[in-house]
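Chains here go by letter, A, B, C and D, matching the order in which they are written, and residues are numbered from 1 within each.
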Amino acid sequence: MENGRWVETEVKVRYAETDAQGVVYHGSYIVWFEVGRTEYCDVAGYPYARMEAEGVNIVVSDLAARYRLPARYGDTVRVATRLAALRSRGCTFEYRVTLPDGSVAVEGQTVHLFVDRASGRPTAAPEPIRAALTAFART
Amino acid sequence: MENGRWVETEVKVRYAETDAQGVVYHGSYIVWFEVGRTEYCDVAGYPYARMEAEGVNIVVSDLAARYRLPARYGDTVRVATRLAALRSRGCTFEYRVTLPDGSVAVEGQTVHLFVDRASGRPTAAPEPIRAALTAFART
Amino acid sequence: MENGRWVETEVKVRYAETDAQGVVYHGSYIVWFEVGRTEYCDVAGYPYARMEAEGVNIVVSDLAARYRLPARYGDTVRVATRLAALRSRGCTFEYRVTLPDGSVAVEGQTVHLFVDRASGRPTAAPEPIRAALTAFART
Amino acid sequence: MENGRWVETEVKVRYAETDAQGVVYHGSYIVWFEVGRTEYCDVAGYPYARMEAEGVNIVVSDLAARYRLPARYGDTVRVATRLAALRSRGCTFEYRVTLPDGSVAVEGQTVHLFVDRASGRPTAAPEPIRAALTAFART
(Lines give C-alpha, C1' and ligand atoms only; values in the text may rest on other atoms or scores of the structure.)
Protein backbone atom coordinates (compact mmCIF):
# COMPACT_ATOMS: atom_id res chain seq x y z
CA MET A 1 0.00 0.00 0.00
CA GLU A 2 1.34 3.40 -0.81
CA ASN A 3 -0.27 6.60 0.30
CA GLY A 4 -3.90 5.72 -0.24
CA ARG A 5 -6.95 7.90 -0.77
CA TRP A 6 -7.83 10.93 1.31
CA VAL A 7 -10.98 11.20 3.41
CA GLU A 8 -12.25 14.68 4.21
CA THR A 9 -14.38 16.08 6.99
CA GLU A 10 -15.29 19.58 8.09
CA VAL A 11 -14.61 21.12 11.47
CA LYS A 12 -16.24 24.39 12.52
CA VAL A 13 -13.81 26.18 14.82
CA ARG A 14 -15.00 26.34 18.42
CA TYR A 15 -14.31 29.30 20.67
CA ALA A 16 -12.87 26.81 23.16
CA GLU A 17 -10.23 25.94 20.55
CA THR A 18 -8.88 29.47 20.24
CA ASP A 19 -6.36 31.15 22.52
CA ALA A 20 -5.37 34.62 23.63
CA GLN A 21 -3.39 35.21 20.44
CA GLY A 22 -6.80 35.38 18.75
CA VAL A 23 -6.28 32.25 16.65
CA VAL A 24 -6.69 28.50 17.09
CA TYR A 25 -4.45 27.05 19.83
CA HIS A 26 -1.77 24.81 18.33
CA GLY A 27 -2.87 21.85 20.44
CA SER A 28 -6.38 21.98 18.98
CA TYR A 29 -5.13 20.75 15.59
CA ILE A 30 -3.96 17.55 17.28
CA VAL A 31 -7.57 16.92 18.31
CA TRP A 32 -8.66 17.64 14.73
CA PHE A 33 -6.21 15.00 13.51
CA GLU A 34 -8.09 12.60 15.77
CA VAL A 35 -11.38 13.80 14.27
CA GLY A 36 -9.93 13.05 10.83
CA ARG A 37 -8.76 9.60 11.92
CA THR A 38 -12.18 8.77 13.33
CA GLU A 39 -13.83 9.90 10.11
CA TYR A 40 -11.38 7.85 8.08
CA CYS A 41 -12.19 4.64 9.94
CA ASP A 42 -15.94 5.38 9.75
CA VAL A 43 -15.82 5.92 6.00
CA ALA A 44 -13.56 2.89 5.55
CA GLY A 45 -16.28 0.82 7.15
CA TYR A 46 -14.47 -0.10 10.35
CA PRO A 47 -15.33 2.50 13.02
CA TYR A 48 -12.73 2.83 15.74
CA ALA A 49 -15.39 2.18 18.40
CA ARG A 50 -15.90 -1.22 16.76
CA MET A 51 -12.19 -1.99 16.92
CA GLU A 52 -12.27 -1.27 20.64
CA ALA A 53 -15.36 -3.39 21.11
CA GLU A 54 -13.44 -6.23 19.44
CA GLY A 55 -10.57 -5.85 21.88
CA VAL A 56 -8.12 -3.68 19.97
CA ASN A 57 -6.92 -0.25 21.04
CA ILE A 58 -4.92 1.94 18.72
CA VAL A 59 -2.42 4.06 20.61
CA VAL A 60 -0.27 6.94 19.38
CA SER A 61 3.49 6.37 19.40
CA ASP A 62 4.65 9.38 17.37
CA LEU A 63 3.16 12.71 16.42
CA ALA A 64 4.41 15.46 14.15
CA ALA A 65 2.82 18.68 12.94
CA ARG A 66 3.91 21.61 10.83
CA TYR A 67 2.03 24.87 11.28
CA ARG A 68 1.76 27.19 8.26
CA LEU A 69 -1.25 29.46 8.70
CA PRO A 70 -3.60 29.99 11.63
CA ALA A 71 -7.30 29.11 11.60
CA ARG A 72 -9.68 31.43 13.41
CA TYR A 73 -13.06 31.38 15.11
CA GLY A 74 -15.62 31.76 12.35
CA ASP A 75 -13.69 29.43 10.01
CA THR A 76 -14.90 26.03 8.93
CA VAL A 77 -11.75 24.08 8.09
CA ARG A 78 -11.36 20.85 6.15
CA VAL A 79 -9.42 17.97 7.64
CA ALA A 80 -8.12 15.50 5.04
CA THR A 81 -6.77 12.19 6.33
CA ARG A 82 -5.15 9.20 4.69
CA LEU A 83 -3.63 5.95 5.81
CA ALA A 84 -0.04 6.33 4.69
CA ALA A 85 1.18 2.95 5.90
CA LEU A 86 -0.28 -0.20 7.42
CA ARG A 87 2.08 -2.62 9.08
CA SER A 88 1.46 -5.81 10.98
CA ARG A 89 1.64 -4.08 14.37
CA GLY A 90 0.90 -0.50 13.51
CA CYS A 91 -0.03 2.14 11.00
CA THR A 92 0.64 5.73 9.98
CA PHE A 93 -1.91 8.42 9.21
CA GLU A 94 -1.29 11.71 7.45
CA TYR A 95 -3.35 14.90 7.81
CA ARG A 96 -3.84 18.16 6.01
CA VAL A 97 -5.97 20.93 7.50
CA THR A 98 -7.06 23.57 5.02
CA LEU A 99 -8.62 26.99 5.53
CA PRO A 100 -11.82 28.14 3.80
CA ASP A 101 -9.72 29.70 0.97
CA GLY A 102 -8.03 26.36 0.30
CA SER A 103 -4.63 27.26 1.73
CA VAL A 104 -2.95 24.78 4.04
CA ALA A 105 -3.07 25.63 7.74
CA VAL A 106 -1.38 22.58 9.25
CA GLU A 107 0.01 19.25 8.06
CA GLY A 108 0.83 16.33 10.28
CA GLN A 109 1.42 12.68 10.82
CA THR A 110 0.71 10.18 13.57
CA VAL A 111 2.20 6.73 14.01
CA HIS A 112 0.16 4.13 15.88
CA LEU A 113 0.50 0.75 17.50
CA PHE A 114 -2.22 -1.85 17.85
CA VAL A 115 -2.62 -2.88 21.47
CA ASP A 116 -4.58 -5.73 22.98
CA ARG A 117 -7.15 -4.18 25.33
CA ALA A 118 -7.01 -7.02 27.83
CA SER A 119 -3.26 -7.32 28.21
CA GLY A 120 -2.21 -3.80 27.25
CA ARG A 121 0.49 -5.27 25.02
CA PRO A 122 1.29 -4.51 21.38
CA THR A 123 -0.37 -6.95 19.06
CA ALA A 124 -0.86 -7.60 15.38
CA ALA A 125 -4.02 -6.06 14.00
CA PRO A 126 -6.74 -8.68 13.50
CA GLU A 127 -7.03 -9.69 9.86
CA PRO A 128 -10.54 -8.24 9.32
CA ILE A 129 -9.33 -4.80 10.38
CA ARG A 130 -6.27 -4.99 8.16
CA ALA A 131 -8.30 -6.26 5.24
CA ALA A 132 -10.92 -3.51 5.55
CA LEU A 133 -8.39 -0.69 5.83
CA THR A 134 -6.20 -2.01 3.03
CA ALA A 135 -9.09 -2.54 0.66
CA PHE A 136 -10.40 0.96 1.33
CA ALA A 137 -7.05 2.72 1.03
CA ARG A 138 -6.46 1.17 -2.38
CA THR A 139 -9.76 2.16 -3.94
CA MET B 1 -40.22 37.04 23.70
CA GLU B 2 -40.91 33.81 25.42
CA ASN B 3 -38.83 30.72 24.91
CA GLY B 4 -38.36 30.87 21.16
CA ARG B 5 -37.59 28.19 18.61
CA TRP B 6 -34.91 25.56 18.97
CA VAL B 7 -31.94 25.25 16.63
CA GLU B 8 -30.28 21.86 16.38
CA THR B 9 -26.81 20.76 15.43
CA GLU B 10 -24.96 17.46 15.59
CA VAL B 11 -21.75 16.76 17.46
CA LYS B 12 -19.77 13.58 16.89
CA VAL B 13 -18.07 12.70 20.16
CA ARG B 14 -14.30 13.10 20.05
CA TYR B 15 -11.95 10.80 21.92
CA ALA B 16 -10.42 13.94 23.44
CA GLU B 17 -13.81 14.65 25.04
CA THR B 18 -13.98 11.37 26.94
CA ASP B 19 -12.35 10.61 30.28
CA ALA B 20 -11.07 7.61 32.22
CA GLN B 21 -14.60 6.69 33.33
CA GLY B 22 -15.13 5.66 29.71
CA VAL B 23 -17.72 8.35 28.98
CA VAL B 24 -17.76 12.01 27.96
CA TYR B 25 -16.08 14.30 30.51
CA HIS B 26 -18.65 16.56 32.16
CA GLY B 27 -16.78 19.70 31.09
CA SER B 28 -17.06 18.73 27.41
CA TYR B 29 -20.80 19.41 27.42
CA ILE B 30 -20.08 23.03 28.32
CA VAL B 31 -18.11 23.31 25.08
CA TRP B 32 -21.02 21.72 23.23
CA PHE B 33 -23.32 24.40 24.67
CA GLU B 34 -20.97 26.89 23.01
CA VAL B 35 -21.21 24.92 19.75
CA GLY B 36 -24.99 25.15 20.03
CA ARG B 37 -24.87 28.89 20.71
CA THR B 38 -22.63 29.47 17.71
CA GLU B 39 -24.98 27.45 15.52
CA TYR B 40 -27.94 29.39 16.85
CA CYS B 41 -26.43 32.75 15.92
CA ASP B 42 -25.36 31.42 12.50
CA VAL B 43 -28.85 30.14 11.72
CA ALA B 44 -30.42 33.31 13.09
CA GLY B 45 -28.39 35.24 10.56
CA TYR B 46 -26.08 37.08 12.94
CA PRO B 47 -22.92 34.98 13.37
CA TYR B 48 -21.09 35.61 16.61
CA ALA B 49 -17.87 36.38 14.70
CA ARG B 50 -19.77 39.25 13.06
CA MET B 51 -20.89 40.60 16.45
CA GLU B 52 -17.25 40.66 17.53
CA ALA B 53 -16.19 42.34 14.29
CA GLU B 54 -18.77 45.01 15.07
CA GLY B 55 -17.31 45.60 18.52
CA VAL B 56 -19.53 43.48 20.76
CA ASN B 57 -18.35 40.56 22.88
CA ILE B 58 -20.81 38.29 24.59
CA VAL B 59 -19.47 37.00 27.88
CA VAL B 60 -20.84 34.30 30.17
CA SER B 61 -22.05 35.41 33.59
CA ASP B 62 -23.84 32.26 34.76
CA LEU B 63 -23.79 28.62 33.79
CA ALA B 64 -25.89 25.68 34.92
CA ALA B 65 -26.04 22.08 33.74
CA ARG B 66 -27.92 18.97 34.80
CA TYR B 67 -26.43 15.63 33.83
CA ARG B 68 -28.83 12.74 33.24
CA LEU B 69 -27.15 10.17 31.00
CA PRO B 70 -23.60 9.90 29.68
CA ALA B 71 -22.65 10.18 26.02
CA ARG B 72 -19.86 7.95 24.75
CA TYR B 73 -17.24 7.83 22.02
CA GLY B 74 -19.00 6.51 18.94
CA ASP B 75 -22.14 8.57 19.63
CA THR B 76 -23.30 11.46 17.51
CA VAL B 77 -25.34 13.63 19.84
CA ARG B 78 -27.77 16.42 19.02
CA VAL B 79 -27.42 19.81 20.66
CA ALA B 80 -30.62 21.87 20.67
CA THR B 81 -30.33 25.55 21.60
CA ARG B 82 -32.81 28.33 22.06
CA LEU B 83 -32.72 31.96 23.13
CA ALA B 84 -34.81 31.89 26.28
CA ALA B 85 -34.56 35.60 27.05
CA LEU B 86 -33.16 38.73 25.44
CA ARG B 87 -32.69 41.77 27.61
CA SER B 88 -31.19 45.16 26.87
CA ARG B 89 -27.81 44.21 28.32
CA GLY B 90 -27.83 40.44 28.15
CA CYS B 91 -29.52 37.24 27.13
CA THR B 92 -30.14 33.65 28.23
CA PHE B 93 -29.67 30.52 26.17
CA GLU B 94 -31.01 27.06 26.96
CA TYR B 95 -29.56 23.75 25.78
CA ARG B 96 -30.62 20.15 25.50
CA VAL B 97 -28.13 17.45 24.47
CA THR B 98 -29.75 14.22 23.32
CA LEU B 99 -28.27 10.78 22.69
CA PRO B 100 -28.75 8.82 19.46
CA ASP B 101 -31.79 7.06 20.97
CA GLY B 102 -33.43 10.41 21.70
CA SER B 103 -33.01 10.35 25.46
CA VAL B 104 -31.72 13.48 27.17
CA ALA B 105 -28.08 13.39 28.24
CA VAL B 106 -27.65 16.92 29.60
CA GLU B 107 -29.69 20.10 29.91
CA GLY B 108 -28.30 23.51 30.67
CA GLN B 109 -28.51 27.24 30.61
CA THR B 110 -26.10 30.11 30.18
CA VAL B 111 -26.67 33.77 30.99
CA HIS B 112 -24.69 36.35 29.04
CA LEU B 113 -23.79 40.00 29.10
CA PHE B 114 -23.04 42.16 26.10
CA VAL B 115 -19.66 43.85 26.49
CA ASP B 116 -18.07 46.62 24.46
CA ARG B 117 -14.85 45.22 23.00
CA ALA B 118 -12.98 48.49 23.22
CA SER B 119 -13.82 49.43 26.80
CA GLY B 120 -14.47 46.00 28.25
CA ARG B 121 -17.63 47.37 29.87
CA PRO B 122 -21.18 46.01 29.80
CA THR B 123 -23.22 47.64 27.13
CA ALA B 124 -26.64 47.43 25.52
CA ALA B 125 -26.73 45.16 22.49
CA PRO B 126 -26.78 47.18 19.27
CA GLU B 127 -30.27 47.38 17.80
CA PRO B 128 -29.49 45.31 14.65
CA ILE B 129 -28.33 42.38 16.79
CA ARG B 130 -31.39 42.60 19.03
CA ALA B 131 -33.70 42.89 16.07
CA ALA B 132 -32.20 39.90 14.26
CA LEU B 133 -32.26 37.63 17.29
CA THR B 134 -35.77 38.67 18.31
CA ALA B 135 -37.19 38.22 14.83
CA PHE B 136 -35.64 34.81 14.52
CA ALA B 137 -36.66 33.54 17.95
CA ARG B 138 -40.30 34.45 17.24
CA THR B 139 -40.58 32.67 13.93
CA MET C 1 -22.17 18.57 58.56
CA GLU C 2 -22.52 22.15 57.57
CA ASN C 3 -20.21 23.87 55.13
CA GLY C 4 -16.91 22.47 56.27
CA ARG C 5 -13.38 23.76 55.88
CA TRP C 6 -11.90 25.07 52.66
CA VAL C 7 -8.92 23.47 50.92
CA GLU C 8 -6.89 25.67 48.62
CA THR C 9 -4.66 24.95 45.67
CA GLU C 10 -2.96 27.12 43.09
CA VAL C 11 -3.44 26.93 39.33
CA LYS C 12 -1.12 28.73 36.95
CA VAL C 13 -3.17 29.74 33.90
CA ARG C 14 -2.21 27.82 30.76
CA TYR C 15 -2.27 29.40 27.33
CA ALA C 16 -4.47 26.48 26.26
CA GLU C 17 -7.05 27.67 28.78
CA THR C 18 -7.44 31.13 27.25
CA ASP C 19 -9.60 32.06 24.27
CA ALA C 20 -9.75 34.69 21.55
CA GLN C 21 -11.30 37.22 23.93
CA GLY C 22 -7.84 37.32 25.54
CA VAL C 23 -9.00 35.85 28.85
CA VAL C 24 -9.59 32.40 30.32
CA TYR C 25 -12.30 30.42 28.48
CA HIS C 26 -15.36 29.96 30.69
CA GLY C 27 -15.18 26.17 30.36
CA SER C 28 -11.67 26.11 31.82
CA TYR C 29 -12.95 27.03 35.26
CA ILE C 30 -15.01 23.85 35.28
CA VAL C 31 -11.78 21.89 34.93
CA TRP C 32 -10.28 23.94 37.76
CA PHE C 33 -13.25 22.95 39.95
CA GLU C 34 -12.19 19.36 39.26
CA VAL C 35 -8.62 20.26 40.21
CA GLY C 36 -9.96 21.69 43.48
CA ARG C 37 -12.05 18.57 44.13
CA THR C 38 -9.06 16.31 43.55
CA GLU C 39 -6.96 18.40 45.90
CA TYR C 40 -9.71 18.30 48.50
CA CYS C 41 -9.87 14.50 48.50
CA ASP C 42 -6.07 14.27 48.56
CA VAL C 43 -5.79 16.57 51.56
CA ALA C 44 -8.71 14.84 53.27
CA GLY C 45 -6.73 11.62 53.05
CA TYR C 46 -8.92 9.77 50.59
CA PRO C 47 -7.62 10.43 47.06
CA TYR C 48 -10.19 10.05 44.35
CA ALA C 49 -7.99 7.53 42.54
CA ARG C 50 -8.23 5.35 45.65
CA MET C 51 -12.03 5.58 45.66
CA GLU C 52 -12.03 4.35 42.06
CA ALA C 53 -9.62 1.56 42.92
CA GLU C 54 -12.07 0.50 45.62
CA GLY C 55 -14.92 0.35 43.12
CA VAL C 56 -16.61 3.73 43.55
CA ASN C 57 -16.95 6.37 40.86
CA ILE C 58 -18.17 9.84 41.69
CA VAL C 59 -20.16 11.33 38.84
CA VAL C 60 -21.42 14.88 38.36
CA SER C 61 -25.20 15.36 38.38
CA ASP C 62 -25.40 19.16 38.58
CA LEU C 63 -23.07 22.03 37.91
CA ALA C 64 -23.42 25.76 38.47
CA ALA C 65 -20.98 28.61 38.07
CA ARG C 66 -21.14 32.38 38.40
CA TYR C 67 -18.54 34.41 36.56
CA ARG C 68 -17.48 37.74 38.09
CA LEU C 69 -14.03 38.65 36.79
CA PRO C 70 -11.81 37.08 34.13
CA ALA C 71 -8.47 35.42 34.85
CA ARG C 72 -5.70 35.87 32.29
CA TYR C 73 -2.57 34.14 31.08
CA GLY C 74 0.18 35.14 33.47
CA ASP C 75 -2.11 34.83 36.51
CA THR C 76 -1.74 32.20 39.17
CA VAL C 77 -5.22 31.78 40.64
CA ARG C 78 -6.29 30.12 43.88
CA VAL C 79 -9.02 27.48 43.84
CA ALA C 80 -10.72 27.00 47.21
CA THR C 81 -12.95 23.95 47.61
CA ARG C 82 -15.16 22.67 50.37
CA LEU C 83 -17.53 19.79 50.88
CA ALA C 84 -20.82 21.57 51.43
CA ALA C 85 -22.93 18.46 51.95
CA LEU C 86 -22.43 14.72 52.25
CA ARG C 87 -25.43 12.49 51.82
CA SER C 88 -25.78 8.74 51.74
CA ARG C 89 -25.74 8.60 47.95
CA GLY C 90 -24.06 11.82 46.99
CA CYS C 91 -22.31 15.00 47.97
CA THR C 92 -21.98 18.68 47.07
CA PHE C 93 -18.78 20.63 46.61
CA GLU C 94 -18.42 24.42 46.51
CA TYR C 95 -15.65 26.37 44.78
CA ARG C 96 -14.21 29.85 44.81
CA VAL C 97 -11.56 30.89 42.29
CA THR C 98 -9.67 34.05 43.26
CA LEU C 99 -7.33 36.25 41.26
CA PRO C 100 -3.83 37.25 42.42
CA ASP C 101 -5.26 40.46 43.97
CA GLY C 102 -7.70 38.40 46.05
CA SER C 103 -10.84 39.34 44.16
CA VAL C 104 -13.27 36.58 43.23
CA ALA C 105 -13.17 35.45 39.60
CA VAL C 106 -15.69 32.61 39.66
CA GLU C 107 -17.80 30.75 42.21
CA GLY C 108 -19.46 27.44 41.65
CA GLN C 109 -21.00 24.27 42.91
CA THR C 110 -21.15 20.66 41.78
CA VAL C 111 -23.49 17.95 42.97
CA HIS C 112 -22.30 14.34 42.74
CA LEU C 113 -23.61 10.83 42.95
CA PHE C 114 -21.68 7.79 44.11
CA VAL C 115 -21.79 5.07 41.48
CA ASP C 116 -20.74 1.45 41.68
CA ARG C 117 -18.02 0.94 39.06
CA ALA C 118 -19.04 -2.60 38.27
CA SER C 119 -22.78 -2.08 37.82
CA GLY C 120 -22.82 1.59 36.86
CA ARG C 121 -25.64 2.13 39.33
CA PRO C 122 -25.99 4.74 42.09
CA THR C 123 -24.86 3.40 45.40
CA ALA C 124 -24.31 4.52 48.96
CA ALA C 125 -20.77 5.67 49.62
CA PRO C 126 -18.78 3.04 51.52
CA GLU C 127 -18.52 3.90 55.21
CA PRO C 128 -14.73 4.48 55.20
CA ILE C 129 -15.08 7.15 52.52
CA ARG C 130 -17.94 8.84 54.34
CA ALA C 131 -16.10 8.69 57.63
CA ALA C 132 -12.90 10.16 56.21
CA LEU C 133 -14.62 13.02 54.42
CA THR C 134 -16.88 13.84 57.35
CA ALA C 135 -14.06 13.83 59.85
CA PHE C 136 -11.97 16.07 57.67
CA ALA C 137 -14.71 18.55 56.84
CA ARG C 138 -15.44 19.06 60.54
CA THR C 139 -11.91 19.81 61.63
CA MET D 1 24.44 27.79 22.66
CA GLU D 2 24.18 24.08 22.77
CA ASN D 3 21.43 22.26 24.57
CA GLY D 4 21.26 24.35 27.72
CA ARG D 5 20.03 23.56 31.19
CA TRP D 6 16.76 21.85 31.98
CA VAL D 7 13.96 23.47 33.98
CA GLU D 8 11.52 21.17 35.73
CA THR D 9 7.96 21.60 36.87
CA GLU D 10 5.32 19.23 38.21
CA VAL D 11 1.93 18.56 36.71
CA LYS D 12 -0.75 16.68 38.61
CA VAL D 13 -2.83 14.78 36.08
CA ARG D 14 -6.37 16.13 35.73
CA TYR D 15 -9.34 13.91 35.05
CA ALA D 16 -10.11 16.17 32.10
CA GLU D 17 -6.79 15.14 30.60
CA THR D 18 -7.58 11.43 30.53
CA ASP D 19 -9.56 9.59 27.89
CA ALA D 20 -11.68 6.47 27.55
CA GLN D 21 -8.59 4.26 27.27
CA GLY D 22 -8.11 5.03 30.97
CA VAL D 23 -4.87 6.95 30.48
CA VAL D 24 -3.84 10.50 29.60
CA TYR D 25 -5.05 11.61 26.14
CA HIS D 26 -2.10 12.06 23.79
CA GLY D 27 -3.04 15.67 23.07
CA SER D 28 -2.77 16.58 26.77
CA TYR D 29 1.02 16.18 26.68
CA ILE D 30 1.17 18.96 24.09
CA VAL D 31 -0.44 21.27 26.64
CA TRP D 32 2.08 20.10 29.23
CA PHE D 33 4.89 21.05 26.83
CA GLU D 34 3.38 24.53 26.90
CA VAL D 35 3.33 24.41 30.72
CA GLY D 36 7.02 23.50 30.61
CA ARG D 37 7.79 26.33 28.20
CA THR D 38 5.98 28.85 30.39
CA GLU D 39 7.88 27.62 33.43
CA TYR D 40 11.15 27.85 31.53
CA CYS D 41 10.60 31.49 30.60
CA ASP D 42 9.48 32.31 34.14
CA VAL D 43 12.56 30.75 35.69
CA ALA D 44 14.79 32.32 33.04
CA GLY D 45 13.49 35.69 34.21
CA TYR D 46 11.57 36.64 31.09
CA PRO D 47 7.95 35.49 31.49
CA TYR D 48 6.14 34.92 28.25
CA ALA D 49 3.36 37.31 29.32
CA ARG D 50 6.05 40.02 29.47
CA MET D 51 7.24 39.22 25.95
CA GLU D 52 3.68 39.67 24.73
CA ALA D 53 3.31 42.91 26.65
CA GLU D 54 6.43 44.13 24.87
CA GLY D 55 4.94 43.31 21.48
CA VAL D 56 6.38 39.88 20.70
CA ASN D 57 4.35 36.71 20.19
CA ILE D 58 6.01 33.34 19.98
CA VAL D 59 4.17 31.00 17.64
CA VAL D 60 4.64 27.29 17.06
CA SER D 61 5.89 26.26 13.61
CA ASP D 62 6.73 22.60 14.24
CA LEU D 63 5.81 20.04 16.85
CA ALA D 64 7.01 16.50 17.44
CA ALA D 65 6.32 14.02 20.23
CA ARG D 66 7.27 10.43 20.94
CA TYR D 67 5.05 8.47 23.30
CA ARG D 68 6.67 5.73 25.38
CA LEU D 69 4.55 5.10 28.47
CA PRO D 70 1.14 6.42 29.51
CA ALA D 71 0.54 8.68 32.51
CA ARG D 72 -2.64 8.15 34.51
CA TYR D 73 -5.00 10.05 36.77
CA GLY D 74 -3.43 9.98 40.22
CA ASP D 75 0.08 10.56 38.82
CA THR D 76 2.08 13.69 39.34
CA VAL D 77 4.43 13.87 36.39
CA ARG D 78 7.55 15.98 35.93
CA VAL D 79 7.95 18.11 32.81
CA ALA D 80 11.56 19.02 32.03
CA THR D 81 12.15 21.71 29.41
CA ARG D 82 15.22 23.19 27.81
CA LEU D 83 15.98 25.72 25.13
CA ALA D 84 17.79 23.61 22.55
CA ALA D 85 18.43 26.39 20.07
CA LEU D 86 17.99 30.16 19.85
CA ARG D 87 18.16 31.77 16.46
CA SER D 88 17.62 35.33 15.34
CA ARG D 89 14.03 34.69 14.31
CA GLY D 90 13.10 31.63 16.30
CA CYS D 91 13.98 29.02 18.86
CA THR D 92 13.59 25.33 19.67
CA PHE D 93 12.48 23.83 22.96
CA GLU D 94 12.85 20.20 24.06
CA TYR D 95 10.68 18.38 26.59
CA ARG D 96 10.80 15.24 28.66
CA VAL D 97 7.78 14.12 30.69
CA THR D 98 8.60 11.55 33.38
CA LEU D 99 6.35 9.37 35.50
CA PRO D 100 6.52 9.17 39.29
CA ASP D 101 8.91 6.19 39.03
CA GLY D 102 11.31 8.21 36.89
CA SER D 103 10.62 6.44 33.61
CA VAL D 104 10.06 8.56 30.52
CA ALA D 105 6.45 8.91 29.37
CA VAL D 106 6.83 11.29 26.45
CA GLU D 107 9.58 13.29 24.78
CA GLY D 108 9.07 16.12 22.37
CA GLN D 109 10.24 19.22 20.62
CA THR D 110 8.67 22.45 19.44
CA VAL D 111 10.08 24.96 17.00
CA HIS D 112 8.97 28.58 17.30
CA LEU D 113 9.02 31.82 15.42
CA PHE D 114 9.05 35.29 16.93
CA VAL D 115 6.20 37.37 15.54
CA ASP D 116 5.53 41.07 15.85
CA ARG D 117 2.16 41.45 17.59
CA ALA D 118 1.18 44.56 15.67
CA SER D 119 1.97 43.37 12.15
CA GLY D 120 1.63 39.63 12.62
CA ARG D 121 4.92 39.18 10.75
CA PRO D 122 8.00 37.17 11.70
CA THR D 123 10.58 39.32 13.39
CA ALA D 124 13.91 39.05 15.10
CA ALA D 125 13.62 38.61 18.85
CA PRO D 126 14.42 41.85 20.69
CA GLU D 127 17.93 41.82 22.11
CA PRO D 128 16.86 41.85 25.80
CA ILE D 129 14.85 38.65 25.28
CA ARG D 130 17.70 36.95 23.43
CA ALA D 131 20.21 38.05 26.03
CA ALA D 132 18.11 36.82 28.95
CA LEU D 133 17.38 33.42 27.42
CA THR D 134 20.97 32.90 26.26
CA ALA D 135 22.47 33.87 29.60
CA PHE D 136 20.09 31.55 31.43
CA ALA D 137 20.54 28.57 29.13
CA ARG D 138 24.31 28.73 29.55
CA THR D 139 24.38 28.79 33.33
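Definition applied: contacts are C-beta pairs under 8 Å (C-beta built on N, C-alpha and C of every residue); 3 or more make two chains touch, one makes a residue touch a chain.
Computed from a predicted model, the values in this text were never measured in an experiment.
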item: Chain pair, B-D or A-D, that carries the greater number of C-beta contacts; value: A-D
item: Chain located farthest away, centre of chain B as origin (C-alpha); value: D
item: Rounded Å distance, chain A centre to chain D centre (Cα mean); value: 24
item: Chain C and chain D, separation of their C-alpha mean positions in angstrom; value: 28
item: Interchain centroid distance [CA atoms averaged], chain B/chain D, Å; value: 33
item: For chain B, residues that touch 2 or more chains besides their own; value: 15-16, 27, 31, 34, 73
item: Touching residues on chain A, where the partner in the complex is chain B; value: 12, 14-16, 31, 34-35, 38, 47-49, 73-74
item: For the chain D and chain A complex, residues of the former touching the latter; value: 21, 26-27, 30-31, 34, 57, 59-67, 70
item: In the complex, chain C residues that touch chain A; value: 15-16, 18-20, 22-23, 25, 27, 72-73
